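What follows is a group of structures, each given as structure tokens.
Both complexes shown next keep subunit A, but they swap its partner, so subunit B is in the first and subunit C is in the second.
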Partner chain A sequence: MAEKKTVLVRIKRQLAPDQKPYWEEFELTWRPFMNVIILLRDIAERPVTREGKVTTPVAFDANCLEEVCGACAMRINGKARQACSALVDQLEQPIRLEPLTKFPVVRDLFVDRSRMFENLKRMKAWVPIDGTYHLGEGPRIAPEVQQRAYPLSRCITCGNCLEVCPQVNERSDFVGAAIINQVRLFNLHPTGAMHKRERLDAVMGPGGVHDCANAQNCVKACPKGIPLVESISEVNRDAIRQAIFGWLFG
Partner chain B sequence: MRQPKIIVVGGGLAGLMATIKVAEAGVPVELFSIVPVRRSHSVCAQGGINAAKNTKGEGDSTWKHFDDTIYGGDFLANQPLVKAMCEAAPAIIDLLDRMGVPFNRTPEGLLDFRRFGGTLYHRTAFAGATTGQQMLYALDEQVRRFEAEGKVRKYEGWTFLSAVLDEQGICRGICAMDLKSMQVRTFPADAAIFCTGGIGAIFGRSTNSVVCTGSAQSALFQQGVHYANGEFIQVHPTAIPGEDKFRLMSESARGEGGRVWVPRQPGDPRPPKSIPENERFYFLEEWYPKYGNLVPRDVAVRAIHKVVFELKLGVEGQPAVYLDVSHLPRELLDRKLEGILEIYEKFLGVDPREQPMKVFPAMHYTMGGLWIDDENQATNVPGIYAAGECDYHYHGANRLGANSLVSCIFGGMLAGPAAVRYARNLERGADAVPASVFEREQRRQEEINERLLRQEGNENPIAIWKEMGQWMTEHVTVVRYNKNLERTDQKLQELLERYRRINLSDRTKWSNQTLNFARELYNMLILARVITLGALRRNESRGAHYKPEFPERDDQNWLKTTRAIYDCGNIRFEYDPVDVSLIPPRPRRYDVK
Partner chain C sequence: MTASGTSTSHREYFWRKLHSFTGIFPIGAFLAEHFWSNSYALVSVEKYNEVSRGLQTIPWRVPLEALLIWLPILFHGGYGVYLWWKGKSNVLDYPWMANWMYTLQRWTGLVAFVFIGWHVYTERFLTQGKSTYADVERALSDPLYFWLYIVGIVATSFHLGNGIWNFLCKWGIATSARAQRGAAWFGALVGVTFTAVGLAIVLGVRFDWKPFEFYTLPRQ
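Right after this comes the complex of A and B.
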């Protein structure tokens, strides 16, 4: 009988935020169409390391498993990406799994990205409607505008663009590309545009668009192909225009 | 006046809508969700949302939407609220549009609509092929705005464990667990609205997200909330089988012109594109000429089963059929379906714009759920409301595609204000309930955790879960035989017995996902029994519930709502008549011209 094909995985583990990280290695049975989620589930079913040491299942964040919820972002072979769409056959072994480094670790591969949601609050990333009672139809929107807005609106808040950004670090408050992209999205909407000024004021504040150093890593790391560099430059242009006009006529 | 407080559990479409409505009424809301609400399962809804706005000159109307929904649901839904939902749908679309959902547009800048299953009208508004995601984001943003104003407080990363019921059996709050610290805590409230979604995990692999376990519904059921029509489980005809989940290929692929076929020659080894048109079997189009590829899901699923298992015509002899969009213009595919085609491409490495997709049916949705009344989304337990997939009300024996998003929003819109009215009219609020009521519930839940962490045994929760999923998928989905249903229930009881000997491979007290999963597993097993026993008792075929031994719908005996009741550890069933006051039941036939 042919030898069973196996998959080697090295995982950076950490029991709690205040504990030291350590590595564990696992050898698992290969199966067709395996992704990183299946690897982690196999470990949970039989949490034994390659050396035969009994350990705990690996904590990780996951939900939709079809790359639309954003939960399962992690570093896979050094690259920030979604675990569900990381197919084992396309990965070099041993597969290295690490938590994202720009967010606090909760446990193992599970990180806390609540900062991103907080920043959406700061940027007033919403269309300010008067109420949910019936006020008739929404504004007419040209198909061309919808087709510009929709790709921006597919951001899954995975945080990969922050992970790869050199400007996101302990010494900076930079909100990152995903958040700036939302400013562009809402400024594009006819009703959202009525509050463009407030959003631009916010994005000119600390940690805002001026902190971008144009490394352009974000756009390459985005699993949804969102034109993040374009979003940042457009928001930057609008912000500068508002600053100048504010200074001239304010 | 006493200021009431409302809790919403679940932050998908229904939960967010309910939250917005309560916050808008000026009542403080606490919103609980296992995941950050922006990652809820609603993001997976792809195809669109139905509303009869009749913008294509087809003579569509809300009554026709209502009739399609009732007929599609095989007359099991109570009709008045379904009618109200269909009448509210056009305004719901307007509201979402005002919130900024980037719906696709016509050249005139109006909302575009596409066709979906179970209707002959263009009634489905859509934002590419990620409509649920776009709607969820819009509602999430509105809730974030209320949060910034201090009107909503979110508890993300918390899981619901149980309701806090007082001596009179009135809900006075909830007991929840922080999934980081594993701290168990009670939260007083005057009413609680449950919007805890689907139950896919009971079937092991489904199109649902990881959090869709039905654990909350089951916990409430075990506390006395009735569970209705549990046996009605929707299997979606077109999904990509995977070992971790079945990834949905939306009905919109067919709504935009996609065709389902198999080679006429069994086991035909040729690549699909080289098989000539006359050697392809477009079985849905042949068998159902009027609706073609857009028959309702239960009908399409049974047709695929027949083709694969009876006629042995599965693609390359495997359980699979082709879903083909490769004849459609690339520009249309990219503008209207990109989101789903991208999923196929990423997970299988094949471009569906070039090659037909290989798909197979998968468990998708529960029509059954927590029992609610006919006007307020109120369950039988005072103070407990339900909305969204976790309520049973709107879809009868089979849900039409793109109706779930409407029912989520509509249910949330009713539940929020209803809970506010109830809370304001309460004579005695949760603040007047003795602390001992809360302490007792907290203690009960802590003890469950302690026992699980302490107990020794040789059973693994994941292994038990997989076994449950296999049995449920094999015997309690598309085709159901009484003998197999009986065996499945015996199996579930055996698994419950084995559950008592599970051994947690993680006994730590920080972010212990194993402990949480074990808790969910128990609740899944109970709900699996409700589904199986409901199916066993219902000796007829109706909508998604199909028994070859009883192939016809039996209105005389079974035009009834199933109501499961948990009684001292036993599951008991009662049956209520269905309100068919608006559209008299008629035979459901999609194969006539």
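Right after this comes the complex of A and C.
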């Protein structure tokens, strides 16, 4: 009979935000089509380390399991990616799992990504339509604009682009590619364009588009294939135009 | 530079844009002029000294030097050190081409800043602004100085070439992936050209190589 195949995995664990991280190693039974989420669920079913020590299940964040929610972003073998689309058979063993480093750890692989939401608000990356009366229908969007906007709208706020960005770190408050891409998306929208000026004003503020230094890692790490570099460059162009001509001609 | 009367501070935005702009003008433009004038070393000693003397005796020399060379370089280099400190390279985790360029841009900037500081001190101030071919030749006969020049020229040329690519991307002049690829080739061309010309000058002086001397000689 064939030998039972196993999967070796090392996980960086941390019990609480203020506690020291430590590593634990697990050896699991291999299963066909196993991905990192299945692997973590198997550990939860039987939380025993490789040395036979009984431990706690590994905490992680996940929802959709099909790469559209963004929740399960983590560092897998040193690279930021989604756990749901990381197939065990394609990973070098022992598989190393670590939480994202650019966000505060809540527990184990579970991080708090709320700063992305705060930054979306700060950069006014939404269309404000709430009011005291019905505004009616918005303007129609030309198919050509729809086609340009759709890829930008696929952002799942997973945070991979922030994780891989050398400009996002504790010495800088750069909001990151995802947020600037949303600024572009809402400036492109005919209703959103009514607030383009305010949005560009925000994006020239602290942590804004000028903090990008063109390392272009974001576009490589994006699981949704969003043209992030192009988005940053377009926002840069609109911003510099507003900065120069706004100053010259009011 | 408050565009729409809000309280958002645009101070950092302004300094960033000024930093990126000064790298091209006047610093990049001056480097082009500097390599051009020094290329006379490849023509003849007399021609080199004549051109140097001409530049050294322009009117308003010190204010022009201060405004177009020293101040921009001090600002670009000083603010650049701050930017170098603010970024945290991760090229070992993510060894992608543009990420290498990002890391090299920071380190070549630092090398170039130190080299230029030393170069200005030895060739501009120690010679009282009256440097001649003989001064340069003496400096380059020292192997340490020779290699410092090689490193300095390669770092500075790379920094300018890659900086032009950065500038074109970051000012929204080259936005699409295709345009940015074109801009990268253009930047590479500038970098390689400056490296080649700079090294030719240093080697020309060091080994008394005068490839453009022919037309200074009398007709046979």
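Keep this in mind: the second predicted complex is superposed on the first by the 241 of 250 C-alpha atoms of A that agree within 3 Å, B and C clash if a C-alpha of one lies under 4 Å from a C-alpha of the other, contacts with A are read in each partner's own complex, and residues count from 1 in each chain.
The rule we apply is simple: a residue touches a chain if its C-beta (ideal position, glycine included) is under 8 Å from a C-beta of that chain, and two chains touch if they have at least 3 such contacts.
Since the structure is predicted, the reported quantities are computational estimates derived from the model, not experimental observations.
**Q** Please determine whether it is subunit B or subunit C that touches the greater number of subunit A residues.
**A** On the superposition, B touches more of the residues of subunit A.
**Q** State whether A:Asn214 touches subunit B only (first), subunit C only (second), both chains, or neither.
**A** Touch status of A:Asn214: second partner only.
**Q** Looking at A:Ile240, would you say it contacts subunit B, subunit C, both, or neither? Reply first, second, both or neither.
**A** second
**Q** Mind working out whether A:Pro166 is in touch with subunit B, subunit C, both or neither, as first, second, both or neither?
**A** second
**Q** Classify the contacts of A:Arg115 with the two partner chains as first (subunit B alone), second (subunit C alone), both, or neither.
**A** Touch partners of A:Arg115: none, neither subunit B nor subunit C.
**Q** I'd like to know which partner A:Gly78 touches here: subunit B for first, subunit C for second, both or neither.
**A** The second partner, subunit C, only.
**Q** Return first, second, both or neither, reflecting whether A:Ala142 touches subunit B, subunit C, both chains, or no partner chain.
**A** first
**Q** State whether A:Arg199 touches subunit B only (first), subunit C only (second), both chains, or neither.
**A** In the superposition, A:Arg199 touches no partner, neither subunit B nor subunit C.
**Q** How about subunit B: which of its residues touch subunit A in the complex?
**A** Checking each residue of subunit B against subunit A gives 20-21, 24, 35-36, 38-41, 43-44, 91, 94-95, 97-100, 102-110, 127-128, 130, 133-134, 137-138, 141-142, 144-145, 147-148, 156, 180, 209-211, 242-245, 247-248, 335, 339, 343, 346-349, 413, 460, 462-463, 505-506, 508, 510-511, 513-514.
**Q** Sort out for me which residues of subunit A touch subunit B in the complex.
**A** So the residues of subunit A in touch with subunit B come to 15-16, 31, 33-35, 37-38, 41, 44-47, 54, 56-57, 59, 61-71, 84-85, 87, 106-107, 110, 113-114, 117, 120-121, 124-129, 131-132, 134-143, 146-147, 149-150, 153-154, 156-157, 186, 189, 191-192.
**Q** Of all residues in subunit C, which touch subunit A in the complex?
**A** Listed in rising order, the residues of subunit C that touch subunit A are 1-4, 6, 8-10, 12-14, 16-17, 83, 85-90, 93-94, 96, 98-99, 101-103, 105, 165-166, 169-177, 180.
**Q** Hey, which residues of subunit A end up touching subunit C in the complex?
**A** 78-79, 164, 166-167, 169, 171-172, 197-198, 200-202, 204-206, 208, 210-217, 220-221, 227, 229-230, 233-243, 246-247
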